[in-house]
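In the two assemblies presented below, chain A is common to both, partnered first by chain B and then by chain C.
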Partner chain A sequence: MNSTQGCKQLLRLALLATCLAVANVQAEVVVVVAANSPVSSISRSDVAKIFLGKSRRFADGSRAIPLNQSESNTAREIFYRQVSGKSPAQVKAHWAKLIFTGRGQPPKEASNSAKIKQLLTKNTGNISYLNLSAVDDSVKVLPLK
Partner chain B sequence: MNRCDKQQSNSQALGFAALMTIGCLGAPPAFALEALDPTYTFNGFGTLGAVYSDEDQADYVSSWLLQPNGAGHTSEWHGGVDSKLGGQLNVRFNEAFSAVLQVVVQRQEDNAWTPEIEWANIQYRFNDQFSLRLGRTVLPSFMVSDTRLVGYANPWIRPPQEVYQLNPLTNLDGLDLSYELEFDNGHNTLQLNLGQSDRDVVQDGETRGRKGLVISNTFEYDFATLRLMYMRAKIDLSIDLTDAIFGAYTTLGETLSTMPGQEGNAATASALGSRYAIADDTVELYSAGIKLEPGNWLLMGEWGRVPETGALANVQAGYATLAYHFPTFMPFITLAEVNGDTPSESGVATTGMPAPLAEEVNALNQGLNLLLFQASAAQKSITAGLRWDCYPGTAIKLQYQHIEIDDHSPGRLGNVQPGFTPGGTVNVFSTTIDFVF
Partner chain C sequence: MTAQVKGDDGQQQAPITPPRDDEGPPSLTKLLGSRISIVQGIFLAMVSVILIALWLTTLQLIESSFAAAKINASRATGELAHTYEAQVVRAVREIDQALNVLKRSYEFDTDQEMLALIDDWGLLLTDFLFVSSIADAKGNVTSSTQAIVGTNIADQDYFRAQVESDQLAISHAWLNPASKTWKLTFSRRINTPDGAFAGIAYTSVDASYFVSGYEDAQLGQRGVLGLIGTDGVFRVRRSGEKVVSGEKTDYRQLIPDAEALEEQEVRLFKHSWDQVQRYTLATQLYEFPLAVILGLSEEEQLQASVALRRLYLQRAGATSVLILLIAGLVFYLSRQLQRSRQRILDEQVSHAQRVEYLAYHDGLTGLPNRSYFSQLLNRGIGEAKRYERRFALLFLDLDRFKIINDTLGHDAGDELLIEVAKRLNQALRETDTVARLGGDEFVVLLPEMNEEAQLSAVARKVLSAVGQPFRLAEQDLRITVSIGISVFPGDGEDEQTLLKNADIAMYHAKEGGKNNYAFYSEELNADSLERLALESSLRQALDEDQFVLFYQEKHDIHSNKITGAEALLRWQHPNLGLVLPHQFLPLAEETGLIIPIGKWVLETACHQAVDWIAQGQAPRCVSINLTARQFTDAHLLGDIREALQSTGLDPQLLELEISENLLLSDFDRGLDILHHIKALGVRIAIGNFGTGYTSLSTLETFQFDTLKIDGSVIRDVTREDSDRQLTEAIIAVGRAMAMTIVAEGVETREQAEFLLNSSCDQVQGFYYDKPSPSKRLN
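Coming up: the complex of A and B.
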């Protein structure tokens, strides 16, 4: 093995490592809507508001219906941390507060990512989140402003 | 609210709730007919707790008005101070119409674990801004009044009693109108409650609140919440022992008025009979609260004031809580103080009275001052606690409270014994398992 080859290999490894690291840190969980939804982007705080029951609408005024992954799905924990900074315990306590004011119910839960995608296509008002690896043509990834 | 006027007992309250629910199910307005596909959800909450107090001449209670005894005098450890179980049925008829029924089992004023209807209301949401609730709703005295009984939703084992026990009552029968406004990063809720409340209280007593009015405004901006509240109601508080004292002054006034030279004392006695009685008296409560949650920190404080109402002297209270969220642990510390006045009542003078009567009058004056002492609340406390979220929906909490009781009051303690000496300190250790499902 000569030195050029060695360098290239090292570079490839470094690139791969960087990609993996980036994927791990940021891009793992993405916010999604149905592919035909009119919504094309959303702010992080609006996502947080919709998923914490503080807002019922998208910025354009149309009705937003959040869908949660199941409690055991790690995407749920990562998602809530990303958009609201809250731990699973804090989110649970937040919802307990809303439920027992008699003024709200937490988002409906879907058992897995396939189910989420299926529900998204049924109603363009639905909004959820997926592991990047589960994203396909049926959904649209919303970049967070 | 004629229907509410007839409502005297809890069984009638149950009937009232059932009637409203049936009314809603059986005769839905025409516009709701086609969309009537009710969805039901059931949520529950509960607390299993034990409290230890080192004061053996009074009891540590969670409510001076609604809990007859607790930890300390009755037993060093007590399981009935915080323990409770609640269930809440939510019915959603459509986007606009919904109903809530919340039933809570906890130890009541008569020491029995009787289920009570905490809430039973129907809600109609006119649009994103306006919503109306009719029936039994929360009495929103303070920031976490909504979840006052839901330990899991709160950082502490119980909201700081110095402030929260300024108003021990938790619900109201009437209407609740709320107006919400959403801003970029903020949310404002203006709420109006009108209604009444009947409640059995300790020592076989009862309270009756009429013409209740509550105006509150909650403003949330980013990580900050600010709340202001004003409450007013006409109340009657009737407890046999205290009524006996007020009645005795009235009788004394009548007796003295027939005795020559005692006209002045007669007038004093008659005046005392009504001076301290709580009968159709206007009670007011002001409160303000702030909550800041930057990152993992929680800083929360509330203040409240109740101006003098009959035997309940002018009282002010406040607390501040600082907490930090670790992934599953949350340590917190609370400083709290309640500063109630204790009126010193000289009573009726005994000059010129025959000795046996003077003796009785002196005893009566002592009884009145004892009552004023017991009705007063003044104490300071520091609480250090830890919440551990051991499982989703379950938290274990430990807290230690060190209380300095004022020397003119039993503080927030209940079931005060003759041997109780004010001015001391009380150490209280509490632990609970709080859960929601």
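Coming up: the complex of A and C.
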């Protein structure tokens, strides 16, 4: 790798870090489950797998049911970028393929964060994401390993 | 040295050729064209078979690889197309199902909230991809899973299609201005309870949804996946990452027989929209106005085979080169081995040929030599005897060759012989054999000549050919040849006799004046035998002191006193007794023996003259005859001087007698010699006068001391007037020129008296005394 490419790479990393920092300041998105869920932590890749229809279980083998924020919610885009690095269009194309080939259905959508929290408490298998500001005692924030 | 050899019984004897040119780089033709042994042939055949097998196998592997790739591509196209068809059918059915739910619900209950309710029930397609809406009979959107309520869609094709009929309608792809993506809309008609048009239920989805199953792993970058309306318009089409909508195509070309219920065949053809050749399967759906198409790029599908083909060809090529190199090396080495063996063989053969050639040919001229000629002659004799044929032999001897050899050198002599050999070959026929027996002797065998006229013609031809001028040692010269001819079987029936007789005839030709030819005859033989014996005896005579000098006195005719003596040569032969000069001098003259003999005579006579004085005799002159050859001999003057010096004889007491004939051949030169002799103080006499044609001017030009009248002139002087008158005239002339006049051969008293009266000075002859060995003179 030559020096020009090295510089570009560095610059890109710096920019990404800055973006994330800004996003975190504006809207820090966290992965959440029901407060009484036995799951206490999860890896980023497991989260990505569950939300992209590649896995339906937690690491302990229990059933995982992903819940999406509505498309208009910025937390959704931030979340997908964080865990899978995919843009909304890429996420959509991914699901289009799964749906078309009959290999999966996208996560259910909840119209807002309150609805999410409500659904989480109904089923401990549910997993979703929230703006940090929307987190309360009803949910448990899962630190990403 | 190149030698052309005349007929060996009509067969050409190949001249020795230099060893073949085996050096230099071996050309292909040389490698393949020249002798190839059986082993080498088998080796070449084996290499060829191996190469052919290698290439056949390679080509077959390539062939089968391509065949397999084609079958695989075709099969994969079929399988993928069927899967795709099933996916499309299911996806469209799902959409139709959801639309039917909406349609039935709204026909049952026109509540505007029905959509949201159904959505909640989970009966709608996921709004992740699909937007489901309801429009009333006027095209106003009354409810939707997205905020598009209030817009009017009355002009859209999916709306207008439902006004007419009650079937699933599929729109053309349309561009969503907000998302810049192509959409497809599916619609169903909503009826009033009495069946009138009440509006539509419709759902929109990205056109790309229907090609989202495109897998690079299966379809590559240039495969094709597509959805076509039965109107021939592509709803969507994807190759690699490129997705296209709305293109019109030739539907009939893609689906030749839409009604065919059997499975369509996979076809390979070039697609009109991107000119890519693909294995293609396009199928019209049974229940929807749609067709699906799936194609695999031929180039991509055969890529592996192409790469494999390149690999195989490279390997086969490399292997071939290796095999050829090894084979070439082995072949080259074997050729080298063979060639060196051959060379050794050739050298042995050529050496043997050369030895044989040298043994049978004259090294100088390349003509057959004596022993080869002997074989040829014996063979000729054998054949002539068997078939009762005659043939002739020519024996050639160059005239004056020895002189040329002595004066111009041996190199010139050799050159002359080579040239003569060449001319002989040119003058004679192929079937004639020319050989060199040695020295300047050549012999010719004429196998088919026997008529004397023919042979004379051949001989003349040879004389003429040899007689042409030569250019030798930077001067032109002529040489002549003398030819003797003998004919089988008349002149001899064996080799030796034929050769000897031809030789005898040749000598005869030489005696006859050279540059001539002669046929052998019995008489010649007799002469010749005597001659041969004489010649060898003459040589012996000189060595063994068999020569003696007799002296005949000369008398003053008046006083009768002895004035001198003429030395006369005699040969005291041990068997034959005394041999007279006319019997051997011509031969001595011819063979050149006269030179040493003449020198001996000169010395002996001078000695005798001195002895006489020493014995107290009155000094008297001794006279000696010179022959023609002696006279022109270059050493004559030296010999005379030496004889005088060694004996101390007064030159005035020596008289040299020359015949008047000697001056006839080359007068000026003769005169020159005479002057030189005279300068020594020696007297000179002209002898045999009256027998030749000496003009008076000759006598006037050179002052002879003595004039000797020939015995034949005075023999009949007493009986014939004419002789008497001639004698008187000679005497008168001699007197007038102040010469001493001597008459020879005086045998009778009458002659003596006549001479006395005629004022002759001196006389000699039998009348006075007979020649005798050295004796005391009174």
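Brief remarks follow.
In this text, the second predicted complex is superposed on the first by the 119 of 145 C-alpha atoms of A that agree within 3 Å, B and C clash if a C-alpha of one lies under 4 Å from a C-alpha of the other, contacts with A are read in each partner's own complex, and residues count from 1 in each chain.
As a working rule, a contact is a pair of C-beta atoms (placed from the backbone, for glycine too) under 8 Å apart; a residue touches a chain by one contact, two chains touch by 3 or more.
None of these values were measured; they are calculated from a predicted model.
In the superposed pair of complexes, A:E109 makes contact with chain C only, with no contact to chain B.
Touch criterion met: A:S45 reaches chain B, while chain C stays clear of it. With both structures placed on the common chain, the touch criterion links A:L132 to neither chain B nor chain C. Of the two partner chains placed by the overlay, neither chain B nor chain C lies in contact with A:A59.
When both complexes are overlaid on chain A, the residue A:K97 reaches chain B and chain C alike.
A count of residues in chain A touched by chain B and by chain C gives the higher number to B.
On chain A, the surface patch touched by chain B in one complex and by chain C in the other comprises residues 71, 92-93, 96-97, 99-102, 105.
Those residues of chain B that touch chain A in the shared complex are 41, 43, 45, 86, 88, 90, 92, 100, 102, 119, 121, 123, 128, 133, 137-138, 146-147, 150, 152-153, 182, 185, 187, 220, 295, 325, 327-328, 389, 392-393, 395, 436. Against chain A, the residues of chain C that register as touching in their complex are 87, 90-91, 126-129, 206, 208-210, 212-213.
The touching residues of chain A, when paired with chain B in their complex, are 45, 54-57, 71, 85, 87-90, 92-93, 96-97, 99-103, 105. Within the complex formed with chain C, the chain A residues making contact are 68, 71, 92-93, 95-97, 99-102, 105-106, 109.
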